[in-house]
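One structure coming up, written as structure tokens, with questions to follow.
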Amino acid sequence: MSTRNENPSGAAEPMIGATGLTKQYGRSQALRGASVTLRAGEILAVTGASGSGKSTLLHCLAGIVRPDEGEVSYGRERLDRASENRLSELRRTDFGVVFQFGQLIPELTVRDNVMLPLLLAGTDRAAAQDRADEWLERFGVRGQAALRPGELSGGQGQRVALARAWVTGPKAVFADEPTGALDSLAGEQVMTALVHAARESGAAVLLITHDAQIAAYADREVWLRDGAVHSGATPFAVQEAAHHEG
Amino acid sequence: MRADARIAWNLARGSDRREWWRIALTAVGALLATVFALAAITVASVRGQVSIPFGQGLLNQPGERSGVVVALLLLLIPVLGLLGQCARIGAVHRDRRMAGLRLAGASPAQVRRISALESAPACLAGSAGGLGAVAVALAVQGHTPPATAWVAFVVVVLGVPVAGALVSVLALRRVVASPLGEVRRVRPERGSRTLLVLSVAALPIAVGAYALVVRGSSPAAASFPMLVFGLVFLTGAGAVWTAGSSAAHIGRRLAESAKSPAVMIAAGRLRDDPWAAARTHATLLLVTVVGIAFVGVREVVLADLRGKGIHTPEGIAFYTTGIDLTGAAILVAFAISLFGLAVGTAESLATRRRGLAAQTAAGVPHTVLARATLLETALPLAPAVLLATIGGMAVHLAYTAVAAPGTVPSVLPLLVPVAVYAASLLAAATSLPLLRRMAHPAELRFA
Amino acid sequence: MSTRHILLGLLAGSPCHGYDLKRRYDELFPQARPLAYGQVYTTLQRLVRDDLAAVEGTDSDGGPERTLYRSTDRGADELAAWAQGVTPPAPFVTNEIFAKVVISLLVAGTEGGDRTAEAAMYLQAQRAAHMVRMHELTGLKTTPGADLSTVLSADYALAHLDADVRWMATTATRLTTLTAEVDAV
């Protein structure tokens, strides 16, 4: 693909690395020894059936939850040991998150929602507003800036969520089934917007999906089964790797 | 009917913790309502001049007794407010469940019966508990009310669950009419409907209390209580209205100019549902007006007593006991209102748990969410309390002018709104530990 | 795909040379198996034989001599009947992947290896290959300026590959039962 960085074969350095992650919720074991690396600037798809631990893996890598065992490192930092405040700060500044739904505050306008991370970072209101509008424009939802999230279509809502994730210039964006609630055409628009934003900004993307058509947008794929990596990172661009067994 | 009862039981058994909280709080509200009603009946059933060893002989005279009855009746208003808050806990979830039953083929009558069967037992447990508490208190005091009072007791104890069932059936109107719409509804009720229901319920109580106060007095003598009642209710209603309309105004203004994220979030919520604050603060504001007026009147009465040269301890005690008991009643009303406020804040957090968890996951600091929650209470309450203060002070000034012309009005009542405001923020702050739980990323696992 | 009907359709508008037919075919159906010149000319000759097309004439246009073809009335009727006719939806289920799974369960069984594990490995490799192709197609259709024909062709293939991937995922979880069934036959 001409717009993509040709880095999926492993030239870029690891940005977030996780090894031997386990996580238990009550009686259910969400992760059992999962290891994965997210490299700078790549789009990595994590696929698997529902209940395979995909979301929990994303939560661990994004510093949203702490694994019971295992290590998560971001550069030289150990996320599994970082303080709650530091994790919160990282999620605010270095990371962006997009969920299937629910990440926009329903009472705020689209513009206010996108401005929020900037205001949290101490940007003044006028500058924040300009930046928010700029990102809304890039994702094609500038015209909806004054609406509330409830007044948007599903695809528009997700593009606003992408704008909110990208507005702070993150190094990594974590997207958990960003098209899960959309029809295929809206899903395609959201994914196209996501890929373009990732390429332009150079941010790495961890993309959780159960849908092969969505995973095909990524550079590499990791396949989870029963909380562990079943088929190790398959780079799509290298033909031999297609026959690699996990 | 037995099938309906079984469904209702199964629904209750399979409910989450939140539903049990609602049942428990509803039972507490029903208990309080029953206790106040039964106490009012007990006192009202005493005839003529008697000697009751309670509160410095406060209950000896029919005149003072009717005052106690009025106070007890008026206490029902904050209890109603509390019950209104309790009814909102998990309302969306409950409505959806009933709508689901409708879609699964239940007839409207069946859904109404199931819903009634769900709420009546909680109310019955509360009212039965209330009867027990009053019976124990009567036994300790060694007082046996007449047979007519017992009949009235039974009517109240059975009436509370019937009223609870009726209210829940009424609340189901939309679910019964268009179940599909309710299944899709994801947000709790908004607007001022609950307020209207509350005032419709509170008005007869107030009118009844007024009728008791002026019973047997001349039209001229009845005019001052009329003025007081009128002022209190007008100011109360005005304060509630102020809370709503100022929330809309403040919300709009601040949402457009807020520089701090917490203010922006709070302002957005105020703009979105301005009546939310009015709903949770309604009885609190009413109590504030009464409280300010009371403190003012108390100052005048005490000054008057000192002026008249009543110095015997018994003489002073007779008056102060009455006044102190009134003060205690107001404090009880205040406590119930604050409890309602805390319940309302907690409910609002619980409803938004997934959204809050998503904000935390996106790195919105806990302190920002906590500040926004407190601002949501603080912002609309300020102008409303100000209006309540003006109303309460008007009553105080009017009373001073009538009872002690020429004296300088006290400024002590002005402490009341400050205390109310601080206590309200504290009550809202009690839900902050809950926020920490609700905004936890683990909530993301549940859609 | 019926090459014969597609060429007939391309001739319907105006007379055409074989060379132009091939060029237009490749434009309209990107990502399809490319049409060979030889195939174009044999197909045209058969159309003329069956009286569905006719030779309009020849011109040289300065270069080598080229034959110009046109559609006949019979050809137009035949084309209309084909274009309006419903394509039979999967009259026979032909699934090469499934055939390979079943046969490898049978064959490996005679050799005494772990048939189920081998079939699972095959499915996994096949899935990976599918994903690589899906990634390519996704790249094609999201390239800025991609024309709609390319996008729609890619979409068609993606949807079918996606169906395969889903089928492989469910099959992989049911291999043990399938092994037992194959043995029982």
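Think of it as A, B and C in the order they're written, each chain with its own count starting at 1.
What we mean here is this: a contact is a pair of C-beta atoms (placed from the backbone, for glycine too) under 8 Å apart; a residue touches a chain by one contact, two chains touch by 3 or more.
A quick note: this is a predicted structure, and the numbers were derived from the prediction, not measured.
Enquirer: Shared touching chains for subunit A and subunit C?
Expert: Chains that touch both subunit A and subunit C, as defined above, do not exist here.
Enquirer: Need the most distant chain from subunit C, centre defined as the mean of C-alpha atoms.
Expert: B
Enquirer: If you average all the Cα positions, which chain's own average lands nearest?
Expert: Chain closest to the assembly's C-alpha mean: A.
Enquirer: Can you give the whole-Å distance between the Cα centres of subunit A and subunit C?
Expert: The answer is 36 Å.
Enquirer: Distance from the CA centroid of subunit B to that of subunit C, rounded to the nearest Å?
Expert: 73
Enquirer: Using Cα averages as centroids, what's the distance between subunit A and subunit B in whole Å?
Expert: 46
Enquirer: In subunit A, which residues are in touch with two or more of the other chains?
Expert: None at all.
Enquirer: In the complex, go through subunit A and note every residue touching subunit C.
Expert: Against subunit C, the touching part of subunit A is residues 1-4, 49, 192, 195, 211-213, 215-218, 221, 231, 234, 236-237, 239, 241-246.
Enquirer: If we count contacts the way the header does, which residues on subunit B are in touch with subunit A in the complex?
Expert: 187, 255, 257-261, 264-265, 268-269, 271-273, 354-355, 358-366, 368, 441-442, 444-445, 447
Enquirer: Please give the residue numbers of subunit C that touch subunit A in the complex, ascending.
Expert: Touch residues, subunit C against subunit A: 121, 124-125, 128-132, 134-140, 142-144, 158-159, 161-162, 165-166, 169.
Enquirer: What residues on subunit A touch subunit B, complex-wise?
Expert: 25, 55, 59, 62, 64-65, 85, 88-93, 95-97, 99-100, 102-103, 105-109, 112, 115-117, 119-120, 124-125, 148, 164-165
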